[in-house]
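Residue numbering begins at 1 within each chain, and the chains themselves are lettered A, B, C, D, E and F in the order written.
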Amino acid sequence: MSGIVVQNIQRADQSVIDALAECGVATVHEAQGRKGLLADYLRPIYAGARIAGSAVTILAPPCDNWMLHVAIEQLQPGDILLLGTTSPSNAGYFGDLLATSAQARGCRGLVIDAGVRDIRDLTGMQFPVWSKHVFAQGTIKETVGSVNVPVVCADALVNAGDVIVADDDGVCVVRRQEAAEVLEKARTREANEAAKRARFEAGELGLDIYDMRARLAEKGLKYV
Amino acid sequence: MSGIVVQNIQRADQSVIDALAECGVATVHEAQGRKGLLADYLRPIYAGARIAGSAVTILAPPCDNWMLHVAIEQLQPGDILLLGTTSPSNAGYFGDLLATSAQARGCRGLVIDAGVRDIRDLTGMQFPVWSKHVFAQGTIKETVGSVNVPVVCADALVNAGDVIVADDDGVCVVRRQEAAEVLEKARTREANEAAKRARFEAGELGLDIYDMRARLAEKGLKYV
Amino acid sequence: MSGIVVQNIQRADQSVIDALAECGVATVHEAQGRKGLLADYLRPIYAGARIAGSAVTILAPPCDNWMLHVAIEQLQPGDILLLGTTSPSNAGYFGDLLATSAQARGCRGLVIDAGVRDIRDLTGMQFPVWSKHVFAQGTIKETVGSVNVPVVCADALVNAGDVIVADDDGVCVVRRQEAAEVLEKARTREANEAAKRARFEAGELGLDIYDMRARLAEKGLKYV
Amino acid sequence: MSGIVVQNIQRADQSVIDALAECGVATVHEAQGRKGLLADYLRPIYAGARIAGSAVTILAPPCDNWMLHVAIEQLQPGDILLLGTTSPSNAGYFGDLLATSAQARGCRGLVIDAGVRDIRDLTGMQFPVWSKHVFAQGTIKETVGSVNVPVVCADALVNAGDVIVADDDGVCVVRRQEAAEVLEKARTREANEAAKRARFEAGELGLDIYDMRARLAEKGLKYV
Amino acid sequence: MSGIVVQNIQRADQSVIDALAECGVATVHEAQGRKGLLADYLRPIYAGARIAGSAVTILAPPCDNWMLHVAIEQLQPGDILLLGTTSPSNAGYFGDLLATSAQARGCRGLVIDAGVRDIRDLTGMQFPVWSKHVFAQGTIKETVGSVNVPVVCADALVNAGDVIVADDDGVCVVRRQEAAEVLEKARTREANEAAKRARFEAGELGLDIYDMRARLAEKGLKYV
Amino acid sequence: MSGIVVQNIQRADQSVIDALAECGVATVHEAQGRKGLLADYLRPIYAGARIAGSAVTILAPPCDNWMLHVAIEQLQPGDILLLGTTSPSNAGYFGDLLATSAQARGCRGLVIDAGVRDIRDLTGMQFPVWSKHVFAQGTIKETVGSVNVPVVCADALVNAGDVIVADDDGVCVVRRQEAAEVLEKARTREANEAAKRARFEAGELGLDIYDMRARLAEKGLKYV
């Protein structure tokens, strides 16, 4: 599976993808049955970004960012770069030049199970990155990896063309084939939450809204 | 100690609590003899918040946030929710709906030895949280815990009604019975520091202000 | 090497130092052959600071901040305090009073392989700190260390008078004797990058700009 | 609570304590309702030890082992030393001389939320230690702490005289007042497990022994 | 993908599997092009075990070990249980009773991206486990997961029936379809290493055996 | 400092080195004023080894073990290989073939701020290694580093020819020029400890042996 670039990948419908961004990570994760979260060590380099896009996946060797150049050629507007490594590395695989190149091709952001650098410039460009490390250590270009193959990134399996949703809560992957269905469930959930929020704002308790008192008593909860 | 909700807890005087918030974590910790700090892995979800309040404590099972609903009913205006777990968990126990409910009852914030989610919304609501993790992973409601019992949270023992002080430096607990005395010492310390600050601003050295030179020489410090 | 304060240290040319700050950590690290980075666990207490200065080094015992007072007397305008410990400690060695004193003497910031506190005040003063921990735990003044001796800080060796560059990417040390040469290389690199950036913005690919396609094919990369 | 030595503490019945050692950590933890485990970062310095004893508790400053000498005077045969710190430290608080002293007074082992050294000698003496760190770093004797006060150690609250059980699985605390009752439940559990073990050895499945198939189907498990 | 048990899985040839065990993790990992290693946080509970087997995979919720009972029914002699979780957990999913049941069905060991307990008993039974944690914390049986679906375990994707190789170096996965070819390459490598080992024992240098001197000089290495 | 091999290094007297091994890490660290310890994340691959030797130092790129071959040529009987990296790596730089080569030249062991593999074979050969990681991940041979230059390894600065002492407690470095003096102090310390040990075995307390009672009372310790 090494040394391969898959050029034609399928993507979910762009309007579905954009709508998933609006729902956010927590809601999407719930809507698809509490699956798809990437590990919580992935953190955004600045607060407030919220994006979704089709994954262009990269499997890269440790400390070697060559495949990022290869992957950028495969980008279409609205895509997100997602990089996993064959062995852990905290090196800074990605900085402002690569971001300039990716942004020029319509890329919405990067999810990387390694390090990133040029944080100040990336923030200025509003090119969001979710990474395991922030570290300026340079990388080499010696060993080929693969692009658009299935990749394990931060404990989750991601296929090329899967939908990536990312915000301040972290990163979630939605299978391409399930994107429309997940969106529908996410919207139902949001509608339901809006109603609940109004009741909470009015001072009602979850104990009553969700009718929990009897079941708590049954489980042995005692008030003293 | 499991499955119990203590309904009547004593609280410190609210004016004392509010004044402790103004002093901040570092000063309060010093004023009470350098005790009461919670572990430094608790970090605020956004910068700049500074609060104090009476602890409504929660002992919760891993990945189970049921007791938060129970605890919210016990809140009085000015309180802070504080949650410890019976086993480590990075799940997202708390999000914007629970925050809406807690805020509606006058709660000032949450300290949680586990995960939180909906960071963007919580930041928008200005509902501050100090947590061990940020993670969207959903929780279940299967097992009862307890409310307002003594809880170990981030290496510190917290009793219901103890005063919690939290800011960008982290979180500190003050025993309810000692709150007034700690405040007095904190104010003395602050007054003392204000005088020192003026001398430092004027360029005086700590070596002279604190008269350290002789003792340093005695301990063997050599200038070369 | 313990119990010594070296009073006369050599510094690099101030205009060189100031120019290195403009280049930033990633560029300086590359310009000097990818060496000199301090470990990535050092993080800034607030985003956006970018400084360079001559290192006034401190070797301190765990939980003991006495030497900071000694070091501040050795500061000249434009210097940076850099503290390593003889054994790991997360205690808060440095807060707003010491920052006031250091700032009054022209100090530009602190790099500390331990903890810092009073984050809110330090942010308000715009006194930047890169630290391993944020923790309010107080320190003692019992044991002497040394000032302006070689110090291992966050995995890197730093000599007094070496140039420290720090920004959102982390911290880098440049040997005093190499500062001018490194600056020259950094500027060449920046000029080169500016030209590249324009081409990337125009949509050119790194694959073409760096002429990578033939070498990738030679290494066995296959497009499918 | 600092600077106090409580001299007379109550202990559980020694035969109960000895029997709890035989049950081991996992069984005792289950028997008391899945509570009382200390954090899993406490690891034994050598494999195979299994002990129980009454806790002589120590609250110690970081990098300062003075209170260990104070605590050893309070030991009775069959006791276990348990040390928590007021701030994290990886220093080596305890080595072969202190172990010799403790062993001479009948102490069965040490649980320490910090570092230990002289591993080779301690192993030779068969003096078991469960610690957070192994590190040779020496400590000082400058600041008093307390002995036989309630201590938070590795996330758990331990009172003087509580029963500590420790083996290769880690460490568990049993409240002194509950020791006899916990032992009874642990024995019931062991008897029950012995019967189960025979059925498992004979090849029966947990699915049948615990009658799980119907409930699994009800929860939606599908065989394909 | 949740709530499914795949009953018929394909396995590699048993003689191939057994031979891979003899090669060990480092050799197998090299033979298949340096891929397939699970994360290095998986450690054996005792030293010296070296096994290989077909993976019966388990995807389990946090703190819930119900699926282990389901998976044991799917075991054939020579298999290895491999468990990943839907969210991180350090709970003790597996102990001596489950090991007795698994061993009765010919299971060779367990690889688990979570916690294990009863270390003393498992060591006595010589039932090897590679785990992320050792912790006695009990689990519940409330939520179904899946058996024999693809699982991400310690950063690697494992399919049911893939070959797992585990020894003191850690754990490696070999795709079922590639097992025979990997074995062949591993044997070639071992033969090659045996010849090299004899030359090294005789005092020859790698610099000469691998003819490195010219290339080192070309890369700029200087002897001074 | 990259790309250099220093061929002639000075070593301490071999009888001094051998005697330091007998003293062990904790004693040597104390004898030289509590300095020189390497970070506690370095752990031995098997228990019971205790060695000392002259450091042949290696500065290596991440994931690249080429310099180990270069360094082995520089070994003399009684030396210890010590490797630091220019950027963190958990790769397995060293295994049984390199150990065979090093052992053939009289090398006593390896200290490595990275990963090691072939643990089973190394244990069988009784070639001790203290490492940060155990991981089978292979390395490349692409980039030159240096041999026998000053290296930062696990937070400590080590010069070629410095004496390395390593045992179950970890690793300590003694400056070559100070080795004889440190040995003398270590022996004094050992003699002193032998006398103390006898008194402790006889049941005397440290409180009395070290005459601590008055100073404890003075510091405010109260018996209740």
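In this section, a residue touches a chain if its C-beta (ideal position, glycine included) is under 8 Å from a C-beta of that chain, and two chains touch if they have at least 3 such contacts.
Small disclaimer: the values here were computed from a predicted structure and weren't measured.
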{"item": "Shared interface partners, meaning chains that touch chain D and chain E", "value": "B, F"}
{"item": "Pair exhibiting more inter-chain C-beta contacts, C-D or A-C", "value": "A-C"}
{"item": "Chain B against chain A, contact positions shared by both copies (same if over half, else different)", "value": "different"}
{"item": "Intercentroid distance (Cα basis), chain C paired with chain B, Å", "value": "31"}
{"item": "CA centroid of chain B to CA centroid of chain F, Å", "value": "41"}
{"item": "Chain C and chain F, separation of their C-alpha mean positions in angstrom", "value": "29"}
{"item": "Chain E residues counted as touching two or more neighbouring chains", "value": "34, 37, 87-88, 90, 137, 143"}
{"item": "All pairs of touching chains, each written as two labels joined by a dash", "value": "A-B, A-C, A-E, A-F, B-C, B-D, B-E, C-D, C-F, D-E, D-F, E-F"}
{"item": "Touching residues (chain side chain C, partner chain A) in the complex", "value": "24-26, 29-30, 34, 37, 40, 43, 47-48, 50, 167-170, 172, 193, 196-197, 200-207, 210, 212, 216, 219-224"}
{"item": "Of chain A, residues touching chain F in the complex", "value": "61-63, 87-91, 137, 140, 142-143"}
{"item": "Contact footprint of chain A on chain E as seen in their complex", "value": "1-2, 33-35, 37, 39, 86-88, 150, 152, 155-157"}
{"item": "Chain C - residues contacting chain B, complex", "value": "3-7, 46, 66, 68-70, 72-73, 90, 92, 95-98, 100-101, 104-105, 115, 117-120, 123, 133-138, 141, 143-144"}
